[in-house]
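Consider the two complexes below, in which chain A is the common component and chain B and chain C are the respective partners.
Let's turn to the complex of A and B:
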């Protein structure tokens, strides 16, 4: 039993690593723009499909990982600057903007569905023989995913903490009006945020399908609730919190599945969110009702 | 001027008379087209079910219409998209019932929508030929429900029998948690019990998860010598991909529902072509021997190729398509036998034109059936899927067969599980 528990915790860490990459991207964008971006999962799908196409033409999967991230960044910038900003200028409210992102999500999903002929495509790259360490059995690519998540965490945290743009981003997230008055180019900050969160989104999509070994038009959509839950559970805008929440949700999900209750594993993960929202009401939108769109 | 007015009036009257006569003549010589509702998932993640239906119903309509139609009526398919979701299916079906004139029957009703839609169609007195496998229809209370496909429980029993025949003695069941995937599980588990084959792991997969790593490790720890499975294509692809990565592959036996292009494609992608052929097998309805009914089906597929969009071999390898074809032909023959297109009248003729019986003339095509009926004979339609013999619950199914698949998807027979053997396994607790 303890062996099974240890194995499930290890599996949970792998799931958490995938979740963390996405949750970091989501929380970064949400904390700055205040847009609860429901098209995030669809952009993950776009990134995943780009990586798949790279594999189809027999180029290195590493290029697929990079271009998947780039595709996520480009798509997100197009949506953020090309669509969402238009709505913001018309004084669209937070909830309405959320519905706009839902609409965009559907448009992307069904476009991908049409292009992909509604098929599920196998995506088996970078797989190797399993490594066994006592009760733990993982593949090299899963170890790689965990390392990648750590690298992304440290790089993003370092960029936010030590670079001028990072400081500007944090200042804009806290008080955009004051940041603008202090000469911070908030428009550029928002653009950089879209790029960074979009890149992480696309990257998460690729990492996700490397793990699931298949891609279809619903790939990101199904994962989005977990991403949002982790971002909210960790505290909006809190990178370390997002990673910690991902760990909790990943481990709980896999431990419940390991106990033979696979049907309830995701439910158990969300039960934590429900309890946290009960204890910390108003976690969504940072607990403040007067947050404004920053686009 | 007066005579000219009279002449013009007379000409108009004559023209009107001619037009009326022409209209009357048309009404006298052609009858209204009868509509068949194709109630199935056409879009969405279950859209392959729509493909299965069209590959069977369109050839049947082609054959029927080529033979002059039913009692002088041509038949046409009206597509109704359920999207595989009861919430979408119900309003779509209600709209079909409210707006479709001359609706004589329905083909389809996908598995997910069946619990909602079957009672609605039954109340509306619309006969339906379906492939929904839920065991709840094994003793169907719906007189307008007709199933020419093995119930899930029978498929589960056939899988257990095949495992016994192959000498497996440590079985793991891996099934999706969605209703469509759960259908075979109770029959499978109870049959394993009845056959004294240990079930060492019973794993449920919630569809759409990012990973099934814990379930894979749980499976490997149980050391099964065979896996029995059904899950949607995405879930199956992820699970078996991870199972292969973690070095846990053992022979896999899939249900009939796994024998569809999306499932095959997903598992083949996950395992790779070599391991797919080495480990994967399925238990499906035994294909019929080549009879004139099979030839008629093939000819109809060829004849209506532009509408169907798949090759003869593709349609032939699709057990769902063949069954839909048979259901449509049988229903059309029931109308002819009843000399009525009123569903309340011809519905009860389904068994009469299909089930074997003394003195009946065996027919293999719609045209043969019409000819025999017109000669006053009783008929038995022997379908492209084989013998059709409805029980009192309007269920008909035959032998099952274990098959492996080549890389191109062609079935390679491994062995037959007879319907007698399936019925001899006494399972309890399966609804």
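Let's turn to the complex of A and C:
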């Protein structure tokens, strides 16, 4: 029993690593632009499919991981700069913008469905023989995913903390008007945010399908609930919070799945958010609707 | 009976079911400003509930299909159970998702509920037979007269349209009642409505449960005609067909909503049947969804109030003439 539990927790850490990459991207763009981007899951799917195509033409999976991230970045920039700006110019408000991203999600998902012939594709790359350490069985690729997440965390944290652009980004997230008045090129800051968060989004899509070993048009949409829950539970814009929340959700999700209730694993992750919301509404759902779109 | 007669009768039934959905969502979204992105889950709850009380005792694991409960309830208990299932589920969901919080968070939570519910029902086979779904659902009212729903679509259409008319009249009456006015007050200015003594959370929950009950009823009506229900029938995107119908027709205007229902789920989604098919089977379906997404985006861009917008209340015009020049700036 305890061996089973430990194995589930190890699986949970791997899931948390994937979730953390996505949640960092989500929280980054949400805190800066204030758009609750529901097309995030669809962009993950796009990244995953790009990586799959790379595998189909027999190029190295590492290229797939990199190009999946790039595809996420490009898609996000096109959506953010092209579409969302168009709506922002027509004085679309915070709430309507979320509905716009939902429409985008619908369009992307079903375009992918049309292109992929609505099939599920197997995607097994980089899978090695499992290492056994007591009750824990991990594959090298799972270790790689956790290391990747740690690298992404440190790189993002370092960039936000120590670079000029990171400082500008934090300033814009807190007070866009003042930041602009101080001479910070907020337009460029937003662009950098779209690129970085889009890259993380695509990357998360790729490592997710490496872990599940299959990809279809609902891949990202199925993962989106956990991403949003982790980003919100961690506190919007809080990098370490997002990682901590991912860890909690990843472990709870896998422990529930380990108990033989695979269908309810996502429910358990989401339930944490609901419980915290009921006990401490202010801690999670801070922030008012007065915040402005920054695009 | 010719194929055409069957087809038109079926379309009429779909129109009735979609109109019920649109009316209920318009009450929630158009009048109360509650953005129910998980609407389809409540319709699904009604459909599953009606199915298990019509199908009879489940033969258990290993048989053709397995599900919980299982009974042979006579008319009208089947539809009552469907309605109650929708209402109870929306009460449960509403209790945690309708608290005072940012509207975009609230909408996102309901979308998450929709996505998760689909995963749960697909994975938990003993609940409602998983991804394969339930089939062989009959029509209890028709059985009394020796009719079956698929064999007599026009009788069923008359029944479904009759129910829709009753619900339509009821919802319009509710919307014009003082309760309906307080919904609009809440939608337009939540803080002011709250200051006037309206209990915002309770109002939201009431409208959510009423909408959920209508959703459950529509699900029950639908499943008794088509006879089968599975997770493929209630993907998260289905909710947005109804939303698009409301956006196209007119947010907050019931006549507009009926027009939108005719235009989007009926004419727009049925039209491709008459066009030459392109590509592989299933491509048209995917492209239809893309088109729904595009219609949704265009509505948001150009006509956020729809073809027939909501009529502004007459009292406001009166107040404006009396108070002119108005000393109060709106939204100040």
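To be clear about the criterion, the second predicted complex is superposed on the first by the 288 of 295 C-alpha atoms of A that agree within 3 Å, B and C clash if a C-alpha of one lies under 4 Å from a C-alpha of the other, contacts with A are read in each partner's own complex, and residues count from 1 in each chain.
Criterion: a residue touches a chain if its C-beta (ideal position, glycine included) is under 8 Å from a C-beta of that chain, and two chains touch if they have at least 3 such contacts.
Predicted model only: the values in this text are computed from it and were never measured.
Participant: Consider chain A as the common anchor and indicate whether chain B and chain C clash or fit when overlaid.
Facilitator: clash
Participant: Looking at the overlay, what does A:266 touch: chain B (first), chain C (second), both, or neither?
Facilitator: Both partners, chain B and chain C.
Participant: Is A:4 touching the first partner chain B, the second partner chain C, both, or neither of them?
Facilitator: The answer is first: A:4 touches chain B but not chain C.
Participant: Figure out whether A:187 sits in contact with chain B (first) or chain C (second), or with both, or with neither.
Facilitator: neither
Participant: Applying the touch criterion given at the start, work out whether A:222 contacts chain B, chain C, both or neither, answering first, second, both or neither.
Facilitator: So A:222 meets both chain B and chain C here.
Participant: For A:144, select first, second, both or neither according to whether it touches chain B, chain C, the two together, or no partner.
Facilitator: neither
Participant: In the superposed arrangement, does A:99 touch chain B (first), chain C (second), both or neither?
Facilitator: After superposing on A, A:99 lies in contact with chain C but is clear of chain B.
Participant: After lining up the shared chain so the two structures overlap, which partner does A:18 touch, if you call chain B first and chain C second: first, second, both or neither?
Facilitator: Touch partner of A:18: chain B, not chain C.
Participant: Name the contact category of A:114: first (chain B only), second (chain C only), both, or neither.
Facilitator: The answer is second: A:114 touches chain C but not chain B.
Participant: Name the stretch of chain C, from among 61-69, 169-177, 205-213 or 295-303, that runs into chain B once the two structures are superposed.
Facilitator: Only 61-69 shows clashing C-alpha atoms.
Participant: Which chain A residues lie in the overlap of the chain B contact set and the chain C contact set?
Facilitator: Shared contact residues on chain A: 118, 222, 262-263, 266.
Participant: What does chain A use to touch chain C in their complex?
Facilitator: So the residues of chain A in touch with chain C come to 36, 38, 83, 86-87, 90, 92, 94-96, 98-100, 102-107, 109-111, 113-114, 117-118, 221-222, 224-225, 228-229, 232, 262-264, 266-267, 270, 274, 277-278, 281, 285, 287-289.
Participant: Which residues of chain A touch chain B in their complex?
Facilitator: Spelled out, the residues of chain A in touch with chain B are 4, 7-8, 11-12, 14-15, 18-19, 118-124, 127-130, 137-139, 141-142, 208, 211-214, 216, 218, 222-223, 226, 254-255, 257-258, 260, 262-263, 265-266.
Participant: Inside the complex, what are the residues of chain C that reach chain A?
Facilitator: Going by the criterion above, the answer is residues 35, 37, 96, 99, 101-105, 107-108, 111-112, 115-116, 119-120, 122-124, 236-237, 240, 280, 282-283, 286-287, 289-290, 292-294, 296-297, 300-301, 304.
Participant: If you look only at chain B, which of its residues touch chain A in the complex?
Facilitator: Per the touch definition, chain B meets chain A at residues 43, 45, 47, 177, 203-206, 208-215, 217-218, 220-221, 233-234, 237-238, 241-242, 244-247, 262, 265-266, 268-270, 272.
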